[in-house]
Amino acid sequence: MSSNEEQFFWTGLTPDAARKALVNKDKSKRDKRSSLKDAVNRFIKDGDNVAIGGFVDNRQPVAATFEMIRHGFKDLTLSYQSGGMAIDYLAGAMALRPDHFSIKRMEFAYWAHESFGLSPIFRYIAENGMVELEDWSNYNMSARFKAGAMGLTFIPCRSPLGSDILKKCRAKVMDCPFTGRPIILLPASYPNVAIIHVQTADMFGNCVINGTDATCQEIAMAADYTIVTCERIVPHRVITRRPKEIGIPFFAVDAVVHVPFGAYPTNCRRYYYFNKEHIATFHALGTRLRKGDPKGLAAYYDDYIFGAKGFEDFIDHFPVRKLLEEYQSEMQNFERMV
Amino acid sequence: MLVTSIEYTSQEMIVVAGARILEDNKVVFVGTGLPMIATVLAIRHRAHGIIPVFEAGAVGPPLEGGLPFSVGDSRTASRASFVRGLNAAFEMTQRGFCDYGFVGGAEIDPYGNLNSTMMGKFPEEYQKPKARLPGSGGASDMASSCERTILIMPHERRRFNEKINYVTSPGYLDGSPGARERAGLLGQGPHRVITTKAVLGFDDETRRMKILHTYAGETVESIQESTGFELLVDPDVSPFDPPTIEELTLIREEIDPLGFFVKKPVKEKVLPNQF
Amino acid sequence: MSSNEEQFFWTGLTPDAARKALVNKDKSKRDKRSSLKDAVNRFIKDGDNVAIGGFVDNRQPVAATFEMIRHGFKDLTLSYQSGGMAIDYLAGAMALRPDHFSIKRMEFAYWAHESFGLSPIFRYIAENGMVELEDWSNYNMSARFKAGAMGLTFIPCRSPLGSDILKKCRAKVMDCPFTGRPIILLPASYPNVAIIHVQTADMFGNCVINGTDATCQEIAMAADYTIVTCERIVPHRVITRRPKEIGIPFFAVDAVVHVPFGAYPTNCRRYYYFNKEHIATFHALGTRLRKGDPKGLAAYYDDYIFGAKGFEDFIDHFPVRKLLEEYQSEMQNFERMV
Amino acid sequence: MLVTSIEYTSQEMIVVAGARILEDNKVVFVGTGLPMIATVLAIRHRAHGIIPVFEAGAVGPPLEGGLPFSVGDSRTASRASFVRGLNAAFEMTQRGFCDYGFVGGAEIDPYGNLNSTMMGKFPEEYQKPKARLPGSGGASDMASSCERTILIMPHERRRFNEKINYVTSPGYLDGSPGARERAGLLGQGPHRVITTKAVLGFDDETRRMKILHTYAGETVESIQESTGFELLVDPDVSPFDPPTIEELTLIREEIDPLGFFVKKPVKEKVLPNQF
């Protein structure tokens, strides 16, 4: 490692360490099915930079965050472009039990809920200065993961030149050696772990993603370890019938966990649309926390997360007709008969 | 001669104005919230050829189903002409495929710079701001690389400031000639600002915001009154037609029948966040 | 345009010109079906930098090259990663009738035929110094197109540092500002025109590519104009049933030309495997040219290209049972019942 | 005791040696020509877990059908675990997913640098070379970014030179300590050279080529005789077993029944180009 690389503040792995770790890894085609508990226990550790899959409240890896919360971690860095419920759940855990679960830093572009409103938990966390923030744009974060996936140290980008974002992040601006005009160089992101929810996987880790890929392929390939939860596991010979539908190749995945409804209450294309009411309820509890009353939120965590043995227990809280409602909504969105 | 009379909300007005400003057959990179609703209205009403691009990766979906709740949700992907992820969407924008970016913010300055990051002193209070907003998302990318941008803002004095707390999405920066080009930006910058009171543009020379059209019930004075900096006034300033029954019917009966996104006159409902 | 951009030698468009041209373009969803003759006539002009789709002898845009040859062009630059028959056909035309068709320059990584051997026409052209060459690696050329597709001026890359390739191409090597170690900056490629053959398209230009994408999406998005030939045109409502299968979005395409067998005698997944014998025959004629006897090759061009009204005439030279042979070979390769 | 005797060609030997060198369960970026055939033999014979990656974009196809004629043809895509294009393949290689690159060349130097670009004086004759070769293709990318490379070469004196005409694919460069790292390269460099006469490696210190195994009928002297520079000899140099009947049967009856790629003893056939 050169002295320069040491000088630059890399979160997660340095490019050299990331390369070395991948080179030394067993990349063979082998059964990677695991319980969520084992996967979280095995691949995530205190202080890690954890990249979160999905985009706002779409395909957020909710089940994986619940398991992380139950396990408890210290001083995590969270990296994502636009985050929604997964970030809320993790940060809410810190707000309630900072001794058990803590986030040190976030590298991100957006944390809120679009049509479902702001995140009161973000306001609570940020306005109390509880987490070190590094703001980027969505393209910045996505391109940083892409640079990691490409094995590069940086990637050039034109946005957002002229903004205040550049004043507090680690991007460098240089004059393009071909045109002489300013261009941003974004440092690559090599997270320690990526957590991703997908629709379909095989036991080796090949993944099919329906709808937006978000930045999931990139973070899977950039991260040292990747934990995938999925709605459905299919045989290898089935998933390889359409190789071009495979969005993440098996050798970028370290654990495959079968978790139906693993992104609930967020949207998972082809399986369920948002549970809007549940998202609203959670935000109402977050708003009460922000206003000084953590009791409701604490009760939510006790019931749904700490008191649950696994994600099945969380899903069991919802009546079948409610789950069917989100399923039916999603079927109306989906463009073909399944 | 008979005259109809129908109540409408300022939210309905802003959506209608947004929809009317959009040019048919153009590629529009659509931000979340009101821009999304205005785009759907435009497509269903008179500009069927608009090609929406969503930052989560969908290009040109017909949006025939319900209104998406997110620019990355299932409804944006169905029957689209291309679906990948965020990198693909922003790469094509940086290349020049997006004629317009349609984006909201929380605070704006006379040069069309937007803030959706924080309220408070920057950089001193960055790590502990007075009020923390969601952050850029794709807004600053749109503002940087779409050829033109259309900004959509609730018109409140506290949101229109000579100096904003934080520049998330670059407009004309300090307004000096060639400021965007000097900074290395590609797009031409803000084209229109659509608010709950007026449609505004920018002066070609000073790059400062100017009133182009006033909504019914508003005057140049009332608009200036709700603005925290001095507005220019276009010599040809003109009134902007109120929503038509057809537009209102489309919003209320087809696009947002439950009133989830757009306030209706009768039943008051909390404004969903627009960032 | 800054003075630096003018100083650097851009082939095709400069990044600024490419942006401007795209911004001023009608990107609407409209019927772009065209005859091949009209498309070539309308979009290609003398001196253009033409990017060639496919990879070696896979999905080479053979029909489009035949039409280019019939039309005649002067001083073209050809850009591609690994080229096969399409390049042979174009260069053969120059070897035979330099007054009618000429190539000034090639930016490329490989020109030969893998298992089918070297290209005697390349040897003839290069060993007689008839074309200005700029060698790159496959990744270099693919990444240069990608940089163009991203609207960038350059993209970083690590290969092939230390090689002689870097001594004669326009790449720049700089010390990475994050690590201090050398990294290559590849100048983006913005070709004037891309010619691409795909399996399926709709009338607006949405394309589905089976098998390797090669670098087709990138060149379509980087180029000023893109001409697509396809085996099959399907309705828009059919192609959008599976949006994630669409590999090139309509607004990156300017002409859609229905040309069954448009990549023949090269491999077009799902439609036909190589016509190995025809490729060998052509190379034998090329070898005779290289050894001083152009007659056989001239006769080939007269029969198959100059004497043909369109690509149908070329295909009509092959007996049905031969075409069926390549079709049957390909059906054995294809992984599912169609 | 009975002893079988079966004729085989030097091409069959090189394919068998290549196949034996490949480690099971590793990711192998496979170049066109002999490397492809050797990889298929390895997968069918004893290393079923090898994961081939092809530069045109296919990852891990089972290669159950016929031998591909191109690293981008249909046969490489069928039932693969991932298929995109060239950028995807090389990006993952640069990231570190490929344990081995398996690549051929036309000319090699003692440090494993390969030439597949031109014969003649470089740079003087670059635009009009004595003999023009195909160019890098993906070879130089593999040589740069795969963790280790395995090189495959016909063993002819004119192809093994102290100074090669052009360095297309970087090996150990000038052989000085840390030369690759200083140049900014990621992979460790050449691991083995498999020829028609021997299996060679590289000295840990000088980075010069050394004989590890000699094929039947060859000696250290005969190999040196066919080499244009001085070879080192491993203290434990040992003979390399000739092809087994099983290996030859696989090549002749299953992998290349028409003898298109690999010369058989009886019927002479032109060697397909290996670059």
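So that you can tell them apart, the chains are marked A, B, C and D in the order they are listed, and the count of residues begins at 1 in each.
The rule is simple: a contact is a pair of C-beta atoms (placed from the backbone, for glycine too) under 8 Å apart; a residue touches a chain by one contact, two chains touch by 3 or more.
All values reported here derive from a predicted model rather than from experimental measurement.
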Applying the touch definition from the top, give me the chains sitting in contact with each of subunit A and subunit B. C
Provide the labels of all chains in contact with subunit C and in contact with subunit D. A
If every chain is reduced to the average of its C-alpha atoms, which one ends up farthest from subunit B? D
Separation of mean Cα positions, subunit C and subunit B [Å, integer]: 41
Can you work out the whole-Å distance between the CA centroids of subunit B and subunit D? 58
By the touch definition above, subunit D meets two or more other chains at residues 58, 77-79, 83-84, 94, 145, 186
Residues in subunit C with touches to at least two other chains are numbered 151-152, 157-158, 181, 183, 210, 240-241, 243-244, 335
Among line, ring, star, complete and other, which one matches the pattern of chain touches? other
Chains grouped in pairs wherever the two touch, ordered by label: A-B, A-C, A-D, B-C, C-D
Interface residues, subunit A side, partner subunit D - complex: 18-20, 22-23, 26-29, 148-152, 204, 206, 221-222, 237, 240-241, 243-244, 246, 248-252
If we count contacts the way the header does, which residues on subunit C are in touch with subunit A in the complex? 2-5, 8, 15-16, 151-158, 172, 174, 176-181, 183, 185, 187, 210, 240-245, 335-336
Which subunit D residues qualify as touching subunit C in the complex? 32-33, 55-58, 65-66, 69-79, 83-88, 90, 94, 117-118, 122-123, 126-141, 143-145, 166-170, 173, 179-180, 182-186, 260-261, 272-273, 275
Spell out the residues on subunit B that touch subunit C in their complex, using ranges where they run on. 25-27, 49, 51, 58-61, 77-84, 91-97, 99, 145, 147, 186
Counting only contacts in the complex, subunit A reaches subunit B at residues 55-58, 81-82, 108-119, 122-123, 126-129, 132-133, 135-140, 142-143, 146, 157-165, 167-168, 173, 181-184, 210-218, 267, 269-270, 273-274, 276, 330, 332-335
